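Each of the two complexes below includes chain A, the first together with chain B, the second together with chain C.
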Partner chain A sequence: MIYLDNAATSFPKPKSTYSALWHAIKFASGNAGRSSHKLAQAAADTIYNTREAIADLFHADSPEGVVFTYNATHALNMAIKSYVEEGAHVLISDIEHNAVIRPLEIQRERGSLIYDTFSTDGDIEANISSRIRPETTCIISTLQSNVTGRIIPADILSRVAEKYKLTLILDASQLAGHGEINLKRTPCDVLCAPGHKGLFGIQGVGFAIFRDLKRRKSFIEGGSGSDSIDPRMPSLLPEGYEAGTLGAPSIASLRGGVEYVKKRTVEEISEQIHGMTNRLIDRISSINEAELYPSGGGIVSFNLKGRSSSLIASMLDEKSICVRSGLHCAPSAHKKLGTLNRGTIRASLSCFTTVKELDLFYKSIRNICDEVKSVPSSSI
Partner chain B sequence: MNKIAIALSTPSAAIRARGILRKSGYTVKIIKLDGTDSGCTHGVEIDERDLMGAVARLRTYGIKYSVRQIK
Partner chain C sequence: MIYLDNAATSFPKPKSTYSALWHAIKFASGNAGRSSHKLAQAAADTIYNTREAIADLFHADSPEGVVFTYNATHALNMAIKSYVEEGAHVLISDIEHNAVIRPLEIQRERGSLIYDTFSTDGDIEANISSRIRPETTCIISTLQSNVTGRIIPADILSRVAEKYKLTLILDASQLAGHGEINLKRTPCDVLCAPGHKGLFGIQGVGFAIFRDLKRRKSFIEGGSGSDSIDPRMPSLLPEGYEAGTLGAPSIASLRGGVEYVKKRTVEEISEQIHGMTNRLIDRISSINEAELYPSGGGIVSFNLKGRSSSLIASMLDEKSICVRSGLHCAPSAHKKLGTLNRGTIRASLSCFTTVKELDLFYKSIRNICDEVKSVPSSSI
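Then we have the complex of A and B:
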């Protein structure tokens, strides 16, 4: 099998992920923060060590600012619903994922906020500045498009937010583990990321890194292991946002993944992925039938002329090649590309992708071009 | 030696406090404490003779705490 769907979830994981997961299930399967017996304490330690590993990787001020969630969508919902005030005007990039658009849209429909997009073309700082209104309170932006791989420089977003004293919420779903994110150099209020993509945890874990250790609006309520008589959630992080039992095994797997990334270094992984992506871009662009869209940073988006992206993905699956077709839950990015009607075929790489796999993928695409040549495009 | 508890605001704060105190050479373990006005809480158990030094370390790190007898 050739797995090129790492932007959806990474596969395979490094050995450190599997061993951390196994160790947690075997030796740390108590309920963290609830009891004080050895198994519960082992789970609590596993979780806290993962907070420390994440805080260290992203140069965050404190491990207590690392709040665990089920995924990046959960983290973004938490950040948006906790930090965006009633009546606010919010600016988002024009390539956002539905994990940002939908939580905003539901609030817009209720009349509690309005939002607007800024262009990621040209001078981003000027684009944002020109959209700011007196009632603007927040900027929300992805750091990397999941459709094109385009990276939005965190330093620009951080600088603009600081200049206009705006809350900054960043979505690092694609960039975490694939590109340098340094919260000391480019601070933001909340950085959201999944654990199961470039950081190589298993599915079921994500996180938000908060700059302020005091909880804002409550997002989810329930048991937190402390202050049980108080009917409100604790005011301090991370417990203030973490209600109910955390998924210690998935969090442990994330620590295993983060350890791998730290050992390899983000810089080395980034360099490898960019090099491999460029190789694939060169190959795909040499195919006459291919319509290649802006691509980079581990993501190559394309279509075959006149063919449905889903059909080609399905044909690739028959050859045991995993890619994703369609809109990738990011309609605004597709609107920008002009591919809203059929989406794209997205091949997404990880540092485990090999040159041989990319070459086989390229050959398979060439073969598919020959296979569909005789079939009128209108019929598929 | 008698043991005494340093109560912390959250389970995470207790883990952080334990790390700081261990690095400073204190023998500590995390314990769950019975309910107070606000309910259950977590803390660290420490030798009574180490208390003054330990809480001074926690103050250095800005960690809020209270001291409780272990009965």
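Then we have the complex of A and C:
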């Protein structure tokens, strides 16, 4: 099995992920923040230690600003619905995922906001600046495209948000764990990320890191384990945004994953992934039948001429190679690439991907080219 | 260690919970619904099998109506915010949890709905009927109090909702797995429950079972793995309400838990828990210093005269006995009991609780009574 679908969810995970998960299930099995007995306290400690590990990894001001969610989509919805005011004009990049587009679109339909895209080509700062209107209050941008691997420099986004006093919400779904994110150097209002991709938690955990520890509009309301008598959510973070029982086991697994990343260092992981990706890009670009799209930073997107991305992905699956085909929930990036009708084959790497696996992947693509030679091109 | 905090989260879990979790992490480690390769397909199968197991346990019409969430609070927020129309009048029971009160209260403050409580004493059907106004559209009720264990008969709620053509949203947080819930016999629009209590999943999973497979207002929007080109969420369930990566491992653990419950049968579990609870009630009521509140169905709430609930819980913790003290996120139930200022000590059982554990718990309470005799009563 060669797993090249790490941009969807990483696999394998480091051993520290599984051991932290197992430890939490066995020894920290109470309900954190609900009771005061040892098992509940152990769950609360596990969760707090994970807040600290994440705050430390991203150089956040405080562990209390780290709010746990079900996934990055949940975190982005929380950030958008809590921070974007009624009647606002929002600027988003032209390569956003549906986790940003869909929550904005529903509010646009209801007439509560409008949004507009800025180009990520050329001078991003100038592109954003030229789109700002008097009613613009917020910039939302991914830090890395999940289709091309393109990295949007956080310093540009941070600077322009600061200059125009705009709220900045960043989506680190692809970059977290794969590239340096330093909230001291490049601050933002909310940084959202999944736990199960580059940070190696299991699925079922994401988070948002808030700069301001005072809650804005609440998003999900319910039991917070504190101030039970008050019919409103607590006004401070993290409790103000964390309603109901937290997933202590998945949060613990994330701590295990983050520990691995910190030990290896993001710098080293980043260098390794970029090197491996460039190797794969070179290989794929040597195949005549391949149409390679802009790729990098762990993600390689391509098609085979005249063949649908899903056909090739399924032929690779038969050879026990896991990639993703289609639109990857990011139609705007495909609009930009001209691949909205067919999607792309996306191979995505982690620091566990080996040179041998990439070479076997390349050979399999070559073999598939030979296999489909005799078959007439599909109409895609 | 004697664990009597199963109403917060159950512990231990049956072996089938852990083995299903482990299997999912090792063999179903792709991202369900995102890619088509074997590992992603295995994750999708795991999730679908859990939908089937839950639909079967609750006699729901279709596995597609089972929507997975982070916890029961997330499910209740989804149900309320998706199903309660602007300007509605909502009726809730007088023993609701903050997972119902807080999402309603925030909307009441914004002027988008009003709500009112009905008494769960006496003739519930008459109580509800007398509160219905022309603008009433919805009844929301727990099926079992998390403070007293009091069960609200689903057939009454179902009948009155049917009679007045009202939307019925039920909170099965305490009853799921501990008492029979049959959606064929006592239908409702949305049944919400956690996965980590009586159904023995790990923390980080809940669900809502919808009668109607057409989505109403969306709640969290994002990638759904399908219709990526559409900026709106899919219109059908479950995808219409499931945005972002699902927690396949916690969902798998829930399937393992549900399998155990089905094998034992809810009827047998219910009988066992009720019998054990009555035994504990008898024991506690024999203690002179104990003030026992209405209790049953797995939950026993009491105080020791003149002592704060948190002090006694912490003394029990020193003896390695886990209970919960305080308000249990359900202030309205405490208002009814007259315990809003001090809360209660709550011992909550599961089908893994043994007679020996309950006897030791009883003895420890007696010992604590002796220990605190010489200490002056606190002002609570």
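In this text, the second predicted complex is superposed on the first by the 378 of 380 C-alpha atoms of A that agree within 3 Å, B and C clash if a C-alpha of one lies under 4 Å from a C-alpha of the other, contacts with A are read in each partner's own complex, and residues count from 1 in each chain.
The criterion applied here is as follows: a contact is a pair of C-beta atoms (placed from the backbone, for glycine too) under 8 Å apart; a residue touches a chain by one contact, two chains touch by 3 or more.
Remember, it's a predicted structure, so these values are computed and weren't measured experimentally.
Visitor: Where does A:S35 make contact in the superposed view: on chain B (first), on chain C (second), on both, or on neither?
Guide: A:S35: touches chain B and chain C.
Visitor: After lining up the shared chain so the two structures overlap, which partner does A:C322 touch, if you call chain B first and chain C second: first, second, both or neither?
Guide: After superposing on A, A:C322 lies in contact with chain C but is clear of chain B.
Visitor: Considering only the touch criterion stated at the top, classify A:P249 as touching first (chain B), second (chain C), both, or neither.
Guide: Once the two structures are laid over each other on A, A:P249 reaches chain C alone.
Visitor: One more residue to check, A:E239. First (chain B), second (chain C), both or neither?
Guide: first
Visitor: Quick one: classify A:E357 as touching chain B (first), chain C (second), both or neither.
Guide: A:E357 sits against neither chain B nor chain C.
Visitor: Check the residue A:S228 against both partner chains and state whether it touches chain B (first), chain C (second), both, or neither.
Guide: In the superposed model, A:S228 contacts both chain B and chain C.
Visitor: With both complexes superposed on chain A, which partner does A:I220 reach: first (chain B), second (chain C), both or neither?
Guide: In the superposed model, A:I220 contacts chain C only, not chain B.
Visitor: Does the superposition put A:E96 against chain B (first), chain C (second), both, or neither?
Guide: neither
Visitor: As a test of reading the superposition: which chain, chain B or chain C, is in touch with more residues of chain A?
Guide: It is C that touches the greater number of chain A residues.
Visitor: So, A:E64: does it touch chain B (first), chain C (second), both, or neither?
Guide: Once the two structures are laid over each other on A, A:E64 reaches chain B alone.
Visitor: Report, in rising order, the residues of chain A that make contact with chain B in one complex and with chain C in the other.
Guide: 35-36, 224-225, 228-229
Visitor: Can you tell me which positions in chain C touch chain A when the two form their complex?
Guide: 1, 3, 5, 8-9, 11-12, 18, 21, 25, 29-31, 34-40, 43, 69-74, 76-77, 97-99, 101-103, 105-106, 109, 194, 196, 202-206, 218, 220-225, 228-229, 231-233, 243-251, 310, 313-314, 316-317, 320-331, 340
Visitor: Sort out for me which residues of chain B touch chain A in the complex.
Guide: Listed in rising order, the residues of chain B that touch chain A are 9-13, 15-16, 30-32, 35, 37-42.
Visitor: Applying the document's contact rule, which stretches of chain A touch chain B when the two form their complex?
Guide: Residue positions touching the partner: 32-33, 35-36, 41, 44-45, 48, 51, 63-64, 224-230, 234, 236, 238-239.
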